[in-house]
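Look at the two complexes coming up: subunit A is in both, with subunit B in one and subunit C in the other.
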Partner chain A sequence: MSILEIENLTVTFHTKDKITRAVHNISLSVEEQDSIGIVGESGSGKSTLAMAILQLLPKRIARIEGEVILDGKHLFQCTDEQIRKIRWRDLAVVFQKSMNALSPVHKIGTQMSDIYRIHESKISKKKLKEKIISLLEMVNLPSRVYDLYPHELSGGMMQRVSIALSLMHNPKLLILDEATTALDVVTQGQILSEIKELEKELNLTRIMITHDMSVVASACKKVAVMYAGNILEFGYVKDVLVNPLHPYTQGLLKSIPTFKGEKKNIRGIAGALPDLSVPVQGCIFASRCEFATDICYQVKPTEELLSGNHRVACHLVGGMEHANVNHS
Partner chain B sequence: MQTLITAEEKAISVENIYKYYKQRGKRQRNQDIKSVDGVSFSLNKGEILGVIGESGCGKSTLGRILVKLEEPTSGSISINGVPSQNLFKQDPLAFRRTAQMIFQNPFDTFDPRYTIAKVLISTMKLHHIGESKNERLAMCIDLLEKGGLKPATEYLHRYPHELSGGQLQRISILRSMLLEPMFVVADEPVSMLDVSIRADIINMLADLCKQENTAMVFISHDITTTRYISDRVAVMYLGRIVETGPTDEVMHNPQHPYTRALISNSVQLDSFENQQIIHIAGEPPTPINIGPGCRFAPRCYQSRESCNHEDPESTHIGNGHYVSCPYINE
Partner chain C sequence: MGSFIIRRSFTGILIIFVAIFLNFMLIQLAPGDPISILSGQDSPSPEMEEALREKYGLNDSVGVQFLTYLRTLAGGDLGESILSGRPVSEMIGERIGPTLMLTLTTAILALLIGTLLGIYCARRPGSKLDNLLSGLSYLFDSMPSFWLGMMFILLFASWLGIFPTSGMVDLRANHSGIAYYIDVLHHMFLPATTLTLLSIPYFFRITRSSVIQVMSEDFVTTLRATGMSEGRIFNKYVLKNSILPTITVFGITIAYMITGVAIIEIVFSWPGMGSFMLNAISRRDYPLLMGIYLVLSISVAVTMIVVDVLYAFIDPRIRYSK
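Then we have the complex of A and B:
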């Protein structure tokens, strides 16, 4: 059963002199206990997508179209009050620097209890403390953290605190927006494996937003590759990363050096992200694509569904498939 | 510590560099922060040394000491056989021409009120490169086109805020290399950049080093990038180099428990399915009050009694591979 259903989600920012399309017509369905990684360059709209799901975008300039259905609830039709109840209960988020949200003048335990009480005020002090300490232990923090101030913790510990905070009310869906990016290699590795463990325990569904392919490779089941507000390729990690079909995914993977085997030459993708305020007629990636043909500039490619729920939006991929069919 | 013979042809040779920071306050008076604690290495011309380690292990401090942005507490550095201390005292400009640095954040390395042409020309003027304004301008154009910024006239009159991070980092690299230094330090030069342009910057840096025969110390926490660019790597932990050797030797056959943990924890794309992560306990420690024994002992998965009071010597295990751990064969 799918827990989150995103249908034709489009986010546009209306500013004084231009309209920027940050997210363009995205459909995605997240199954229960899935772990989906969303990768892309900066400016590709990954965070905007997450913020749109959470409805945290500034209402004055952001227009959201489409549907987001979380566990049967149409999020865009909810009132603010209803959304407040859904956040943290059903849907929690950890940001890249969510440790900055911790108050420097309150002890970790006090802050956590305050936040807990917002959503569930009927709990005795003693029980609450037990609950908080068990949360801290869940993310491998010693219970003495309860009585410490944020400045006494390291970056990794604070990020663990914010993960513990997000898990406080057993959310169904957890969104990690670059949650491990600012951390050290070793700490990142540890936190990733802790999250994977917790997932099994708590029945979590997880969306990870990152620009680091290797994080997705090690911690997610499925991956969506985003570019300039569009999802270009989607599928199981083992399909997409081993056998990438979209030229953009191929380019991204070619630009990362390998650890084993020969030192292959790496190269980047030439060019830069297109200006999102100018509407593009054809494929959004055409201007940077080395295989682009005339059709790529004129017609927007539709998503081709290949075997194993592997979806690719590229004329070349679809074309080749069709050619093969014609031959046989 | 390993001692390496200082030969004339070494681009840089570093011996027993220490950097202790004094703490203020009564209680902390006797607790120095041992940021770099006895580091020695040497580089041939055109050789690239990758330095990897967690944050706080002293790798950036080491880089800054090498280009004299920090004074070492003790130790000696000689560039091309000349002690850099003497050179710096006699002629700071000449020192700057032999040692250059490339910083992490390209947005912070330029004066926001200088155009790109002015940035490059003022560097040339300062170091008396080129005769006239026109000659310098022609050199600028040449330099930018060589660095892949074509057409150069497009960039000359722009301000830093009008360029992307990747373009700025290219210019920052070109500015350092235009002095034809003996040796550069690149401190996380690509970690601020987007994935899709990192590769080009790395290639450019590597090519320039090989062309100009410049030695480089490449500081990074990204293991795959370090493997790609460097000839040798040094793994740092709490101010010391715990393992060093030829890149693939260290990366594929890590001996020190810390290197093993570091490499197993940094997720790689080409082996994500059967990855075994070695867990190391605890958080990265601070370099204050380090005990007499091995620095890594409190977090090490194979530490034993003797590790807590015996400081391990760096031993050669063949092929230029040095490890500071006595129990590597177990």
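Then we have the complex of A and C:
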């Protein structure tokens, strides 16, 4: 059963002199106990997508179209009050800069208790403290963290605090927005394996937003590749990363060095993200794509569904000529 | 926290000592001679000048004069005014009350009004009221205090006649009890309003920008994502974070007011330290000047210690820094 259903989600930012389309017509469905990685370079709309699901975009400039259905509830039709009830109980998030994720002048224990009590007000002080400390211990933090201030912890510890905070009410869906990006690889590895452990215990469904392919490879079941507000390729990690079909995904994977196999040149993708305030007629990636043909500039490719729920939006896929290019 | 207060008080005492030394040296270096004023302008007799110098110890070396000063100071003796011959501490005692009353009243009023307006506008940035108040804050900030004071006297005292032009009490009325306090308030209204209007902009702008900045911080997004209500986020988390710069400005404003209130006091003939200090300067009344400076430095140092301790109390990051 799918826990989160995103249908034709479009997010545009209306500023003084231009309209920027940050997320364009995205549909995605997240099954229970899925772990989906959303990858893409900076500015590709990954975080905007997350913020749109969380309804945390600034209302004055952001226009959201489409549907987001979480556990049967149409989020965009909920009142503010209903949204507040859904937040953290059904839908929790871990943000990237966890050093700043909590108020610097309040103790961590106080803030966690305060947040806990939003959704569970009838708990005694003693029980609440026990609960918070058990949460801290769950993410391998000592109980003294309860009485510390955020600046007294290291980046990794604060990240654990953020994770403990997000798991406090056993949310149905957890969004990790670049949650391990700011950490060194060792800490990142530890935290990823801890998350995977907790996931088994708590029956979590998880969306991980990252630009790090290795995080997706080691911690996710499915992956969505985003570029300039569009999902270009989607499927199981074992399909997408082993047999990438979209030229953009191939480019992303070529930019990562590998330990195994022959030494290859690490290549980036030439060019930069297009200006999202200018509407594009054809494929959004065409201007940077080395295989682009005339049709790519004229017609927007539709999503091709291949075997194993592997979906690609590219004119080259479906035609046989591309399959050869990709393995060479 | 305790060790922080002790450490901070210790530096405060050190600062007061440095201030004593600097005051002493500055006045020694300043041109002018009290003896020539004391002995009269026209052809004073050298014998009289010599006798006066001897009386006030002005023949001794600067070092000896400083040590003498410190010794008597330790006994609570601020010396005698060269001009009036009365004890300095007694003279300051008479004058400090009105100044403290005026500065504390205005500082607290400006703090309350400025901060509240700042918070109000920060929650509605770009609104009509916000634009109006921001414009007014620049206007009052750039206005000379004596000019505003004089305009108030012209308007409310001379033309409308609803407030007295000068002084702290009506000497002819001879009020007592409640009537006396009402009379003082009546006299204080114009100088206090002038000073308050001129100090509000600091508090307004610092609070407004601080609240706006804190509202855009990541932890506010986190708290929103948890489903906490906007009211609670603001009252419990944003306020405590954004009040820090206001406290600093409050300390600086008090220090600035205690020393800078002189002009307003002169405009309104307020019987405080300000006009008193300017007189002492123009007449080279060394003991009185040093006494005034000492009191001012101690009040500034004490204010700063209080502000620092308060700051550390609110912000844990300050407490632990070495």
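Keep in mind that, in the parts below, the second predicted complex is superposed on the first by the 319 of 328 C-alpha atoms of A that agree within 3 Å, B and C clash if a C-alpha of one lies under 4 Å from a C-alpha of the other, contacts with A are read in each partner's own complex, and residues count from 1 in each chain.
Following the convention adopted for this analysis, contacts are C-beta pairs under 8 Å (C-beta built on N, C-alpha and C of every residue); 3 or more make two chains touch, one makes a residue touch a chain.
Because the structure is predicted, anything quoted here is derived from the model rather than measured.
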Three-chain arrangement built on subunit A, subunit B and subunit C clash or fit: fit
Inter-centroid angle subunit B-subunit A-subunit C after superposition on A [Cα, multiple of 10°]: 70
Touched partner set for A:Ala228, first subunit B, second subunit C, both or neither: neither
Which of subunit B and subunit C A:Val215 touches, first, second, both or neither: first
First (subunit B), second (subunit C), both or neither touched by A:Ile38: neither
Partner chain in contact with A:Arg87 - subunit B first, subunit C second, else both or neither: second
Subunit B versus subunit C as contact partner of A:Val185, first or second or both or neither: first
Dominant contact partner of subunit A by residue count, subunit C or subunit B: B
Partner chain in contact with A:Asn100 - subunit B first, subunit C second, else both or neither: second
First (subunit B), second (subunit C), both or neither touched by A:His151: second
Superposed arrangement (fit on chain A Cα atoms) - minimum subunit B/subunit C Cα distance in Å: 6
Overlap of subunit C and subunit B interfaces on subunit A (superposed complexes): none
Residue ranges of subunit A in contact with subunit B within the complex: 41-42, 154, 156-157, 184-190, 192-193, 211-215, 217-219, 237-238, 241, 251-261, 263, 265-269, 272
In the complex with subunit A, residue positions of subunit C that touch it: 217-219, 221-229, 236-237, 240-241, 244, 314-317, 320
Complex contacts: residues of subunit B adjacent to subunit A: 54-55, 164, 194-203, 221, 223-225, 227-228, 251-252, 261-262, 264-273, 275, 277, 279-280, 283-284
Interfacial residue positions of subunit A with respect to subunit C in the complex: 54, 56, 83-89, 92-93, 95, 97, 100-106, 114-115, 118-119, 149, 151-152, 162, 165
